[in-house]
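Report on the structure given below.
Note that the chains are named A, B, C and D in the order they appear, and that numbering of residues resets to 1 at the start of each chain.
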Amino acid sequence: MSEAVVRSNAVEVKPPTKKPASPWRLALREMRKNKLAMAGFVVLILMFLFCFVGPLLSPYSINDAMNVRNGNKPPSAQHWLGTDKVGRDVLLRVMLAGRTSLLVGIVAMMVSVAIGSTLGAIAGYYRGWVDTIIMRLADIIMSIPSLPILIILGAALSELKMDPANRIYLVMFIIGFLSWPGLARLVRGQILMLREQEFMQAAEVLGLRDRRKIFRHLLPNTVPIIIVVATLSVANGILTESVLSFLGLGVVPPTPSWGNMISAANSMIEFQKRPWLWIPPGVCIFITVVAINVMGDGLRDALDPKSKR
Amino acid sequence: MTTQVIRRLLQTIPTLIGVSIVLVLIFHLIPGNFVDSNPTISKERAAELKEMYGLTDPVHIKYLKWAKGVATGDLGYSIQHKQPVTTIIDRYVWNSVLIAGVVLIFSWTIAIFVGVFSAVRQHSFYDGLITFLVFAVMSLPSFFIGLLAIKFFAVDNRIFPVGGMITTGANYEGWAHIWDVIEHMFLPVIVLTALNVGGLTRYFRTSMLDVIKQDFIRTARAKGLKERTVIFKHALRNALIPAITLLGFEIPGLFAGAMITEKIFNWPGIGSIFLNAINARDYFLMLGYTFFIAFLTIIGNVIADLLYRVADPRVRMK
Amino acid sequence: MANNLIEFRNLRTNFYTSSGVVKAVNDVSFSIREGETLCVVGESGCGKSVTAMSLMRLVSPPGKTEGGQILYKGQDLLTLKERDMRHIRGNEIAMIFQEPMTSLNPVLTIGDQITEPLLIHKGMTRKDAKKRAIELIELVGIPRAAKIFDSYPHELSGGMRQRIMIAIALSCDPKLLIADEPTTALDVTIQAQILDLMRNIKSEFNTAIMMITHDLGVVAEMADHVVVMYAGKVIEEAPVHELFANPKHPYTQGLMRAKPIINQRQDRLYTIPGQVPNPVELGNNCYFNERCEHCMSLCVEKPPILTTYENKHKAACWLYEKGGEVS
Amino acid sequence: MKKKLLILLSAVMAFSLILSACGGGDAAKPADPGTKVETPAEGENAGETPAEGELVTEGTIKATDPSKSPANATARKDTVIVGMPAPSGVFHPQYSEIAYDVYVTETIFASILQVQKDGTYAPSLGNYKVSEDKKTLTFTLEDAKFSDGKPVTAEDVAFTFTLFYDKSYDGPTDAYAYAPIVGAKDYKEGKAQSISGIKVVDPKTLEVTLETPSVLALDVFGVAGILPKHVYGAAYKPGDLSKMKDTFTKPVGAGPYKLEKFVAGQEVVFKANEHYFKGAPKVPNLIYKVTTEETNMQLVQTGDTDGETNISASLDNVEAIKSLEFADLTLNPTNGYGYIGLNHKDERFKDKKVRQALVYGLQRQEIVDGVYQGLADVVNVPQSKVSWAYTDEVNKYDYDLEKAKALLDEAGWKEGADGIREKDGKKFKITFTASTPNAVNEVLIPIAKENYAKLGIEFVPDQMDFNALQDKVKKGDFEMVFLAVGLTPNPQTAQGTLRTGGNQNDYFFSNARVDELFKLANEEFDLDKRKAYYKEIYQIANEEVAHIYLYQRRDTLTANARVKGFDVSPYKRFTFDTPVIEIQ
């Protein structure tokens, strides 16, 4: 049943007036009640620890020489998750790959948020031709199918004499760059609404500069929506990277990422014979993305005043 | 109405031009080309061929030549297939459309029902379970789900065919042929639907939650309508209308998703051809196909936009 | 004296919110007689709307009707099967709401929405239903009914929409019409028209009306009988003239004083001091005690009981309770 | 046409099939945690494959129990289904470029000559004779008919040959470079209506006159699928072959089968050509089914296919096929090889001693075994060991660290304080351009890094996308690079890589004697004489270290044992067996 009735009846009841809770504290409280979201948060923290602290505890190191004679060994006491084709410890690789994948997701998100919120805010604030140009640009990027363009950019930019170790940054930026229009639209919508509100007239009266108005007064008000989109786009970044890796255009070996680890096990025989190669990275992607998604969903519920119980 | 349609169509022109410029620029940057990958031809011959294909033109000439062709419905010449790009697209795209269409229908139907159910039972155990499941299928890379599906459904248990679109050598006719194709569609459709349905389900859930809180739902209930009528006639209709605009953006998503599944399930669609084209550096096929999808997206958006105006009485065109 | 159409007996509806249990309707009893207009008065959040929704059995989670009975024609509505209850809603008991702008479904035509109850409750054919719907539209005073039938809500003004809501509510000749602040969101002139319309309906069809309002002007104009609610409880109940002439409860008195009176210039309107108490933290006392001018020690110790006095006047206040003075 | 395999090979590299590797039977003990994994002892020699016992790495492994063939395969009494990656639908012998289109055209069209298992040409639809001055080739035809029943005549052959020289011909054959016919230039430039060097003598005889003698002309004319002029003539307009492209999916030829149906991306269905001049094929229906790397093995297993051309030769796959028991597996050396290219313009690599040191100092066997587990050989010449022109009378360059060090010392590269060799104040640091993802590089890079460190050379990998790499190589912008190349039956094509200024010679290798030998060989049609020339070429390439030759891997052909008669070699593809295969 809906909450409509509740809203029109019971919620007229004034909220408890114990402490004037800030919206953030309210959101946090709301978050804490969402068990699924909290679980996601905890899992995510564990995953970060696993990836960033784990390798320090491993007896192996990325600089270990490869030894093909020790390759494709099933899990054992020495190698808990076995070894890959060229004899590297899968557990260590999974952890290091996690660093890459998480980093890709986070940086891609930051790029997307930086571009998306700035352009969105500018478009929403200035309106007119600035808005038209920015939104047209967003349209263009949104209407180009992202996967082909990712593939092509990946190929085109490999022209830059790029060390494969640095290529992940490229991947991050491409993923980030292609995902800003969605956020820009959301932010623009919010800003269009906000700029008509009274506190903005106050800012107007104070004679603040545009930049200050946009970045100090307007944008902060869109933070909840940005946070939600940002969270979800981290998950998206991780998935996109893995698909690119499958096509051989993502993070390239020897730098491990979850995506390229799975795609290294690309034949059915490998799939059946050596599950330790693809199950660990697969499970890691799964856990991480689910965790981020449920957390993002929880955040959305918590930060969205409309969905308050 | 007609003027609205025309105006809306005219508005797409700058976007289309923008898209085409961006595409040509990007494609121009791609290293390697088809001709140079043939090791048996002399340098003179290679130069001759590149000239013939217009690969040596500076980028603005390339753009103008190509744009001129596009304006007349010619997307260029596939060097690899030695055919016009439109012929190649026509040869393979329908198989992709078939999958995309079925996936679209399935994923929307499922997403609507699940999303509605989940919204109606908000915060219940079912809602939590569905939320989790939805995120679960969204949380695996498409190729991985595809490979897993083949492993479990086609290799370990031979429930579905391993891949392809028809049983080779069977020469089925009529219904047998149709059933054969359907059988081969199962796995790719399941995988693509699973991937597609998650986001949509969330969308419908949120959208339904918004609608269910509206006053007119209370009115409908107060009329003594059955809950089913309230949800599906009164609430869903309101939730669906804004979703129409989503349809436009479904197109690139579906075709992009299909690229991976076609590759894995050996489905003879345009996606796998495109992937090959990239690897072979079949310049115009890459460019043509990408532009084709962009074009579909833009047109899809226009149609969605117009449909929205038809469907929503509040903005209905007079 | 007419029969009781509806009888609330010790109704309790609670809301389980994240901050605690809200007793939105707390042991409420009163009745509505056939053909009578009963007004329920109170501030926002006093539980008057929830009482109505409880009657319709449309309280939705986290709210729950947990005690008491609502007798309609001798049947307890609260124990009715959902199917039977559906047959009562919109058919025997109809309801109109405060926000005419949002209470109609924006994507369905007016005609669709008016004919809906006719089709399901009266089993009419589409054709008959349309005919009846057009009659109803005319009945509520909207000209060019046939054209309106095919329009969408956004094409109508607020007043017209509220008329349409009334038409929908009347479509099945209900025994009881619940009107939840039907005029609050409307212009004053429109308000008067809507109230006129409702009065006409009442006299024409002998429909009982349960009108929920916070506007004593509306009460004076419409009511036969008045129930005053405060913080989920009925604190006073009386025939309209009796109440206006002789308000007993300090809260009611406050309400009366807070009402501007025409031709009488006041420097300041009277306001009842203090705030509505936090519904979660209600103690075992008179909920009005903090704001009451006449607060006594007893008032903070024990809740007063609704007691019947002369002229069918009921009130829940220790001031009139001898027992109160004793203990 | 010969180039298709090369294309296939590049494609293979581009997609970089990750050849699954298996350490099965590896006796090496797992290293203790925390210690560096030991690399095999220095000087340990190649040759031994993992202690697997008798790993057959070449030839045919017969099915052990043909009766295990799946029922649905056995049920096909008149149809053979062969799996392969998708052909693109260019079914025209002069245009088909990717290997799978070539498979189809070879099945539908017949050519005058046909390649044998050792790479030599044998008469097929006809034969040829060379004139005294070696400039005139006379082709004679057998009595043969096209699948539509019309006879094959010299007119058809002339028509076919002429197409190669059309101005608008954009197929993969560089006809003029291989077979400079008299008058071809004039024809191409539109100055002549026909090519004066192509002369129909009588309906069974055709004379072709070349400007200069070229043994490569056979690679154009000998293997060109003959087009029936009465069918294709309608689509032919000099200077505008656009209509020819409409005929791609409606091929008509004189080959063993005719096209019944082409379902793009799915299958190519053939019917036996009852007019085939060597007698109608025994199998009435032949289907090429599109398969993918991921699942082609499963299709053989389920009986969906009777044969599969594209299962990569890895230990995993070999074992899996063996375990099917009903399938014959043919392992052939791939007609190509992998090598490390050196930029001969680089000052350091100009010194032969340095180049040799780089070969001696690299554990090639270790690398090759690491990648292919025995299913590949280390090679020392740029030729397949099954070719008639092959020689192994060359330096084997077995791993020899001391010798490598000595050579570098001699070359003036002295070890510096940091252990890195230097000369004239310059450190010896090699940037290694490598494509990624790539299975070979994955193994090669760590081993080479370590090997060369021992030599006092810093080895820095620079990994990139395959196409980017190719671009760099074309521009000469590299020092050292790993690549693989395909071979053709005619050893003469190697001139592209070894001759000064050769089209494939991106490494600036230049040797006057090699240039001379190639010229001599190209003007000689006698096999024995040519063999001697090539031998010398290979010896020079080996001695001079034109490239660091690495390996020749394996290709497979898997066939359900119910189909008999496949007898393939790296040169002779299964398509040539289609007229003779039988179902048991």
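The rule is short, and it goes like this: a residue touches a chain if its C-beta (ideal position, glycine included) is under 8 Å from a C-beta of that chain, and two chains touch if they have at least 3 such contacts.
Quick caveat, the model's predicted, so the values are computed rather than measured.
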item: Which of B-C and A-B has more C-beta pairs touching across its chains; value: A-B
item: Chain occupying the most central position, where position means C-alpha average; value: B
item: Whole-Å gap separating subunit A and subunit C, where each centre is the average of the chain's CA atoms; value: 50
item: Between subunit B and subunit A, distance of the C-alpha-averaged centres to the nearest whole Å; value: 23
item: Centroid distance [mean C-alpha coordinates] between subunit D and subunit C, Å; value: 89
item: Residues of subunit A whose C-beta touches two or more other chains; value: 1-5, 8, 155, 158-159, 266, 268, 309
item: Interface hub residues of subunit D, defined as touching at least two other chains; value: 15, 294-295, 298, 465, 467-468, 471
item: Subunit B: positions in contact with at least two other chains; value: 30-31, 147, 150, 155, 214-215, 218
item: Subunit C partner contacts - residues on subunit B that touch it in the complex; value: 214-216, 218-226, 233-234, 237-238, 241, 311-314, 316
item: Contact footprint of subunit B on subunit D as seen in their complex; value: 2-3, 6-7, 10-11, 14-15, 76, 79, 81, 86, 88-90, 95, 97-98, 168, 170-174, 176-177, 245, 248, 263-267, 285, 287, 289-292, 294-295, 298-299, 302, 304-305, 465-468, 470-471, 474, 485-486, 488, 493, 496, 503-504
item: Complex contacts: residues of subunit B adjacent to subunit D; value: 30-32, 36-46, 49, 52-53, 79-83, 91-92, 95, 147, 150, 154-155, 158, 161-169, 263-264, 266-269, 272-273, 276, 279-281
item: Complex interface listing, subunit A residues touching subunit D; value: 59-60, 64-73, 76, 78-79, 83, 85-87, 154-155, 158-159, 161-164, 248-249, 252-254, 260, 264, 266-270, 273
item: For the subunit B and subunit A complex, residues of the former touching the latter; value: 14-15, 18-19, 22-23, 26-27, 29-31, 120, 122-123, 128, 131-132, 135-136, 138-144, 147, 150-151, 155, 202, 209-210, 212-215, 217-218, 249, 252-253, 255-257, 259-260, 274-275, 278, 286, 289-290, 293-294, 297-298, 301
